[in-house]
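Both complexes shown next keep chain A, but they swap its partner, so chain B is in the first and chain C is in the second.
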Partner chain A sequence: MSYKLQFAELLPYWNVLLYGLVFTIVLTIVSTVAGVAVGTAGAAARTFGPTWLGRIVAVYVELIRNTPFIVQLFFIFFGLPALGLKLSETTAAFLAMVINLGAYSTEIIRAGIEAVPKGHIEAGLSLAMTKWEVLRHIVLNQAFRKIYPALSSQIIIVMLGSAVVSQISAEDLTYAANYIASRNFRNFEVYLFVALAYLVLAMLTRSALRALGRVIFKAR
Partner chain B sequence: MLQFSFWDILSNLLVATQWTIVLSLIAFFCGGIVGLVLLFMRTSRIAPLEWFTKIYIEFFQGTPLLMQLFLFFFGIALFGVEVSPWAAATLALTFWTSAFLTEIWRGCVESIPKGQWEASSSLALSYIEQMRYVILPQASRIAVAPTVGFSVQVIKGTALASIIGFVELTKAGTMLNNATFRPFLVYSLVALIYFCLCFPLSWWAKKIEGRLNVAR
Partner chain C sequence: MSLVSIRDVRKSFGQNEVLKGVSLDIAKGDVVAIIGRSGSGKSTLLRCINGLETYQSGSIVADGIEVGGATTNLRELRRHVGMVFQQFNLFPHLTAAENVMLAPTVVNKVSKAEARAIAAEVLAKVGLSEKMDAYPSELSGGQQQRVAIARSLAMRPKVLLCDEITSALDPELVNEVLRVVEQLAREGMTLILVTHEMRFARDVGTKLVFMHHGKVHEEGVPKEVFAAPRTPELQQFVGQVG
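Then we have the complex of A and B:
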């Protein structure tokens, strides 16, 4: 190979990379919080809600889980304006991420809820706890403890999947890579560097989530 | 100006769907073969081989598939070889698939009780023979459901090949959208076609999983 890799060419663009990195991190955190909230509501609706609501949630979950994220993103960004709902690329990216993670976490949290023994719910109700108290203190508490590892890996998968939002020119880390590559033509160096940045980010996210889990689910 | 009717759009998308299916099948089968080789390396208890597979899996599971596509697309070109989007997409998806399948299958192999390994080694079977005649026949029964489940991820993964210019379903959708200016219709149809490809597989995977739980 006569080509010499020149990573120094990336240095002048450190601020572009940093901006992209922060965008990706914020995108991940916001969509995690909102997505898990959607997932909790969806899972509660599927297990305790009326049948019709459960069916709607089931359709939502299956539609999202069986189509590629990029198509969902294009549908929201290009398709919805035809119905009169115009979104900026950043809003569309956030919305698509929340909708996507919401569907996956609905399924994960539902599995956790179903693993809670029925006797616990009955015991709670017989202690004159309200439905909400039972849901909050007995069902969700145990469910989240069980599904936390699965939810963590889904969050990392979604974080890596967020690279796709660059395609509607939301300014994430991949967008920064494309931007730099289109200016200094060091495609391979840029993409290798950014790929490794994602790798480090994934590892850090994993340990952060593990640490967070230890804090939340301390000794009972 | 050329006019596109609903049927023109649908038939063009269905033609492109063939390429999504071809790419998915190739990625899945080549990924399966590479994954099997990696599985043998990963469970071989030979330190350098295990380290190699660990790093390999960490890289392909810890970076976005999109980045891997870019790296193959631009990386191979550095050697002076002209790379078609087709070749880059096939390679990237194969390696990506193999990393995930190896991890899935490793879980299945490790769920086989230790006694099976000990019994077969006390019968003087070599490592390859142990895997071939004792472990894999048992592990493969558990592996079917998650493997079918993962095939859905492969189909969805092929959508990213559109970004490096491979014309499959998503790319065809983008091109049709640019020609017809009917994004809502086009992307609804694209999503619907993906759903028709993926949902039967998801449903089947769930069904096999349920059957395994009953047997236990």
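Then we have the complex of A and C:
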């Protein structure tokens, strides 16, 4: 068996690859920021909010955690137009990512909130703070400190999982790979290259998140 | 008029009635020591006074505010009724000064600079001026509890509730906390303490309350009560712990 690697055949498509890479990075950053915001709100609602709101959030979390991401994506992109909601593939990709990470991070952040000693909450209340002030100034900081590693892992899982958005023709890194392979038929080189690109991206993300964590939680 | 007035308060956790009609009057400047066995309802009573626990019947009025009603303004109540806990409960992500500054800035909307001045003042009062920028993890238990006291004082409370504040401390650290409390008592602060420090209750307290089975079993001037307990339960209790 002999196969001659010819990475030079990728060169003419450098702009396609670059576009895909940037798309994946932007998709990850935006869905991380928005997803963690959704997760924080969801976790706050489940722990500090009224019961009815907590129930709604619980249903959302279970719906997302117990269905495949690709089905969620297809539902948003192919299903919702039936209700008159037609989204571009890019918008659908971003939306699906945020909804997905939002659900997982709700559970992760909730675990962090529940790990904060009840006494700290009572101390805050006894200082005449409202429960929302307690949540904001006392609970969330401690909660994020505790769950930051778990949340970082989830962000990387979501970043790698974002490859699925190529299935609705959102032009991410995997879409670029499919595009190139269908033209130059160099499947081996294309997917090897893209796999390495994801590997590097994941490792860089991990380091970036670790560095960010050191800055945010500098004290102690 | 009493600063804190407790009338026939009853409180149950499920089937278990822990307060069975407690009445107590506390005047301004009183130092009330509440003693009794564990499970006698001491801590629960204290937690009812600042609304951390609700109760089923009776009434509590603290500084003119009716506690426990659906419309109770808990924020207003707690601005005047501070609390210090057994487990200190300092916020670990904030320095000693930041722990003290949090409530004045968030609740009273005081400026950072002003809050820092308040922190300097109250931390000096508990003898921790040099620890303003230390994190709780860098402080001993006794120092942490003194920061917790300072944190309450920063809100200028009219009453300070102390829930077994020396029970989690190593024996050699108990006195530094008690000295701070004694100082507050001398300055006229109204204090309600749940405590196991009998000597402190006798020497610093102006009023002793012995709780037994969810009721005030005996109360009076500490020195007199300790010298001649009237009920057999208190005699036995003093005999055991004294």
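Methods note: the second predicted complex is superposed on the first by the 219 of 220 C-alpha atoms of A that agree within 3 Å, B and C clash if a C-alpha of one lies under 4 Å from a C-alpha of the other, contacts with A are read in each partner's own complex, and residues count from 1 in each chain.
Everything that follows uses one rule, which is that a contact is a pair of C-beta atoms (placed from the backbone, for glycine too) under 8 Å apart; a residue touches a chain by one contact, two chains touch by 3 or more.
Since this is a predicted model, take the numbers as computed values, not measurements.
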| query | Aligned on chain A, chain B and chain C: do they clash or fit? | reply | fit
| task | Would you sort A:25 into first (chain B), second (chain C), both or neither based on which partner it touches? | result | neither
| task | May I ask you to decide whether A:167 touches chain B, chain C, both, or neither, giving the answer as first, second, both or neither? | result | first
| request: Look at A:79 in the shared chain and tell me whether it touches chain B only, chain C only, both, or neither; answer first, second, both or neither. | output: first
| message | In the overlaid three-chain picture, which partner chain does A:142 touch, first (chain B) or second (chain C), both, or neither? | response | second
| message | So in the superposed three-chain picture, is A:58 touching just chain B, just chain C, both, or none of them (first/second/both/neither)? | response | neither
| request: Using the touch definition from the top, say if A:34 reaches chain B (first), chain C (second), both or neither. | output: neither
| said: For A:203 in the superposed arrangement: first (chain B), second (chain C), both or neither? | reply: first
| task | Identify which of chain B and chain C touches the larger number of residues of chain A. | result | B
| Where chain B and chain C come nearest after superposition, their Cα distance in Å | 24
| note | Residue overlap on chain A between the chain B interface and the chain C interface none
| note | chain A residues touching chain B in their complex are 1-3, 62-63, 65-72, 74-75, 78-83, 156, 160-164, 166-167, 174, 177, 187-188, 191-192, 194-196, 198-199, 202-203
| said: Can you tell me which positions in chain C touch chain A when the two form their complex? | reply: 50, 52, 74-79, 82-83, 85, 87, 89-93, 95, 102-103, 106-107, 135, 137, 148, 151-152, 155
| said: So in the complex, the part of chain A that touches chain C is made up of which residues? | reply: 117, 119-120, 122-130, 133, 137-138, 141-142, 145, 217, 219-220
| query | Which positions of chain B touch chain A when the two form their complex? | reply | 58-59, 61-68, 70-71, 74-75, 77-80, 152, 155-157, 159-160, 162-163, 170, 173-174, 177, 182-184, 186-188, 190-191, 194-195, 198-199, 202
